[in-house]
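In the two complexes that follow, chain A is the common piece, with chain B as its partner first and chain C second.
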Partner chain A sequence: MEQLLQHLVNGLVLGGTYALLGIGLTLIFGLMNVVNFAHGEFYTLGAYAAFAALGWAGVDFFTAVLAAIAAGAALGWLCEVTLLRPLRSESIDTTMLVMIGVWIAMQNGELLVWGGVAKSIPHPFPTAPLVLGPVAIAPLRLFVLLIAAGLIAASWLLIQKTKLGRAMRATFQDRDTAALMGVGIGRIHAATFAFGSALAAAAGALLGPVFLAYPSMGDLASLKAFSVVILGGLGNLPGATLGGLLLGVAEELGAGYISSGYRDAVGFVIIILVLLFRPAGLFARQERIA
Partner chain B sequence: MVKRSIVLVALVLAALVVVTLPAQSQAPIKIGVIEPLSGPVAASGSYIRMGAEIARDWINAKGGISGRKVDLLIEDNKSDPKEAASAAEKLIVRDKVPAIMGAWGSSMTLAAMPKLEEYGVPMVVETSSAASITKRGNPWIFRISPPSEMEALGLEQYVDKLGIKRVDFLAVNTDWGRGSITAFGDMLKKKGAAVGVAEFMDQAATDMNAQITKIKATGGDTLFLTTAVEQITLVMKQAQEQRLGRKIVTTGGSSSPTQLIKQAGAAAEGSYHIVFFMPWFPEAMPDGRLAKAFVDEWAKRGHPFEGLTEGFRGHDGIATIAEAIRVAGKDEPAAIRDALWKVSLMGVNGPIKFAKDGPAGKESGQSKPSIFIVQIRDGKVALPDFLAKK
Partner chain C sequence: MARPESPPLLRLEDLHASYGPIAALRGLDLVVAPGELVCLIGANGAGKTSTLRAISGLLPPARGRIVFDGREIQGDIPAAILKAGIAHCPEGRRVFPYLTVEENLAMGAYVRRDRIAIAADVDEVCRHFPILAERRRQMAGTLSGGEQQMLAIARALMARPRLILFDEPSLGLAPTVVETTFAIIADIRRRGTTVLMVEQNAYAALRMADRAYVMETGRIVLEGAARDLLDDDHVRRAYLGG
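For the complex of A and B:
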């Protein structure tokens, strides 16, 4: 029983990080219809940006996270304007290939700049765990979970309640009509991609200190983000959140009670089942893409 | 007229032969290297590359092999077995290397091995620990790193002193990790220790909390941990977060205790590490002078100290191949293979000499390297209490 509680806490903490990875991707993939293979690289970028801000600029941890978010948004915006904008009327396959190119270029760029040796990102939290009865949780991980929840809520509010969010949804439902209603299409595309990339960078800056920063860290992140988006349904923020938590808990229980050798298999079996029985995602009410 | 032109052609040909012969004997000797230079274990591969480059430069500074310089052709296997096989193919077919050193991970080495047999090119294995590498009957394989069984036997004498009564295992889900659990499990059972659970983690996994929670429930006293330094760091940090409270022993020699002290901090305190080079006390190595020279050269080049426990493998591997080429007197694959059976040299780790291993008639070469155990104590690397001189 004690073990089960600890497994559930571990699963929630892990799921929270998956959700954080998933929401950025679900915006770009779901709303913009861009299969963003470079999502994990923006995650890596966030981790290294935080590392650089802490080490070179000597700022504190929280400023470093903000710097990482800004770096992610800036590069995301640049990426949209220079690479995706000229291809807006091309098929989803074309942009997917471009994003695979961005993925490879960014990962090798990181290897070039930072080298292959993993970097440990310092953080101000105590390493001794918080002990609540039978379960233990590291203060840093609790902080990450809370920030993740905050970012997810803020993103949802932005999409659902603000004028910008409404313009985003309108643009991706029917670009021509939205343009006729006076929505600046170019600006909305760039803003959405920058926003999604900033969320990935935030995840990297927050999770970098939990794990380690190294050039290929984004591969695993991308894999999990795509899983979460498929589980939750394209463009569905609450879906991505619940999908992330579900994936985290499922992997944790699978590793704990079935076999740790098949940990990732547990997650993918669930995805296969979801695709078989609810192809639009577990939590989808309707197709989000026009 | 016809006769004169024949004579002329013959003269020109003779002149060509005279001109090209010395040129060819001056052409550098190529040695192929396959290491993970990107991907999850990139750090280890990069350190081995640095060590290999030191060996190359030392050999060339002494005039090369029979007056010919050594040239390393280095391929990245991206920590991926598929890439290791294609790197071997590229080095052999396109670059025509007569010998290879590689390929760090057991799964990567095993994937490259059929290519060696197909084209008949010897490979010196510098890191891989899976027993199957020298048991498969591939006569082109010469291993200077210890297989897990040999490592386990090396640890056997210390089991009682370490107070190991109940062990659990956590290993990377590869040929190396799985082989290590079998080898150490057998040895520990023989010594009367109880074996609890054996847990696995994917090579790229970063969150091992599930495995740690499960291990915590067994109530053992020791955790054997087999993976590369990046994952060891994460496991140690997460074990501390979950108050695992175990004696941790790492196997495989890729733990880089100095890097652990830097990155895992207090979480690494008290842990034991099986290593094949002790750069903290080079004078305690079988050839103290060579070990000291290697540590000094490493520092002079500005390489990070924590890389030394991997870097020496690169030196020893290239030194072994160079010695075989010298003994063979030519840089042809079959001649180098035959010469590898005859070499006897001193590496940074200690004496290197190959004995036969595997099915009769198709044996692989296996050297018997030196094995050491160190402990992280008070934020420093030290000999364990029971080994330290009083």
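For the complex of A and C:
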């Protein structure tokens, strides 16, 4: 029982960051119809940006996380404006290929700048775990979970309660009519891509110190993000949140009770089952981007 | 020819537009005077919807001029045209199904910045259409067809337009609701907003309009006072069923 609780807590920490990755990807996919294969690279970028801010700029850890989020947003925006905007009327395959190109370019860029050796990102938290009743959690992991929860809540507020979020939902539901209302579709796309990329970078900056930063770390993150989108349903924000948490917990349980070597396999078995039996997503409702 | 005397609010001159290789408008000329209710009738595919889409900026014209209130607006983006004072109530209502009634109204005021006046306009619209007030927090997709049409009209009004374009406002609605919809449009005009309407129910449209244009294959083939067109042989044969 204690072991189960411990696995659940570890699963939530992992799942919270999966949810961040998934929310970003599901918004980009749902709203822009872009299959963003570079999504994981923004996760890598987040980890390296935090590393660079700590090492080169010498700022404190929390500022470094903020800098990573800002870097993700800035590069995401740039990516949309320079690469995706000219291709807005092209087919989904074209933009997918472009994003595969971005993936390769970014990953090799990271390799060029930081080399292939994994970097450890320093953090100010004590390593001794906090013991809360039956479970123990490292302070850094608790921080990751809290920040992830905060960012998920902030995303929800942005989508549900702001004028920008309303315009994003309207654009998702009916692009032509949203344009008739005066919504600048280009601006909405840029904001969506920047926002989704910022969330991925946040996940990278949060998990980077937990694990290590290395150039190909984003590959698996991309796969996880796509898994979360499949679990949650396209453009479904609560679905991505629940899907992320579910995936994290399932992986942790698989790793704990079967074998740690099967951690990723457990996730993908779930995806295969979902695609077989509920292809619209576990939480499919009519409503999307909400 | 019942040409209006005052300078027109909207003037289309030799307008050409196409969807890829398919020409939709082939040299369209049309004027709407301030305060008028003008209707545009014609067969399916004649280019009526394309005309409205060109005016509101969704279908940028290839050639020709669109002059609104003395200013050329062809080539402007939809947001700029809406700000200039032209709202477009599209065919098939096109409310945002997963936004609430209130959020749909807010989308209508998207280009406006005057928050307090917008809130007042939402209240005003709700007074005018009590059914919308009742359904304020409901998803628009759960409304009936007639309620959705009211919401679409109310949403267009939220931009405080000087000219509203209506595209097939009666399409797919029950006969009693059609009557209500036309009454609402007549009321909007009475309160000073100019209306340009595309309508397949030519008889009803001609009875309520001041003037009308008949469109065939992308250009105007006939124009005149709506009353006169009701008696015109060609119009009777082609659009009024004998």
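Operating definition for what follows: the second predicted complex is superposed on the first by the 284 of 290 C-alpha atoms of A that agree within 3 Å, B and C clash if a C-alpha of one lies under 4 Å from a C-alpha of the other, contacts with A are read in each partner's own complex, and residues count from 1 in each chain.
The rule is simple: a residue touches a chain if its C-beta (ideal position, glycine included) is under 8 Å from a C-beta of that chain, and two chains touch if they have at least 3 such contacts.
Note that the coordinates shown come from a computational prediction; the quantities given were computed from them, not determined experimentally.
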{"item": "Overlay on chain A: chain C relative to chain B, clash or fit", "value": "fit"}
{"item": "Which of chain B and chain C A:177 touches, first, second, both or neither", "value": "second"}
{"item": "Greater residue coverage of chain A in the superposed arrangement, chain B or chain C", "value": "B"}
{"item": "A:167 touches, of chain B and chain C: first, second, both or neither?", "value": "second"}
{"item": "Which superposed partner A:150 touches (first chain B, second chain C, both, neither)", "value": "neither"}
{"item": "Partner chain in contact with A:126 - chain B first, chain C second, else both or neither", "value": "neither"}
{"item": "Smallest separation in angstrom, by C-alpha atoms, between chain B and chain C in the superposition", "value": "39"}
{"item": "Footprint overlap on chain A, where chain B in one structure and chain C in the other make contact", "value": "none"}
{"item": "Sites on chain A touched by chain C in the complex", "value": "163, 166-167, 169-170, 173-174, 176-184, 286-290"}
{"item": "Chain C to chain A touching residues, read off their complex", "value": "56, 58, 77-79, 82-83, 88, 90, 94, 96-99, 103, 106-108, 110-111, 139, 141, 155, 159"}
{"item": "Residues of chain B touching chain A in the complex", "value": "37-40, 42-43, 45-46, 79, 173, 199-202, 204-207, 209-211, 213-214, 216-217, 229-230, 233-234, 237, 240-243, 262-263, 265-267, 304"}
{"item": "Footprint of chain B on chain A - complex, ascending", "value": "2-3, 6-7, 10-11, 13-14, 17, 108, 111, 115-118, 120, 127, 129, 131, 136-138, 141, 211-212, 214-217, 219-220, 251-253, 255-256, 259-261, 263-264"}
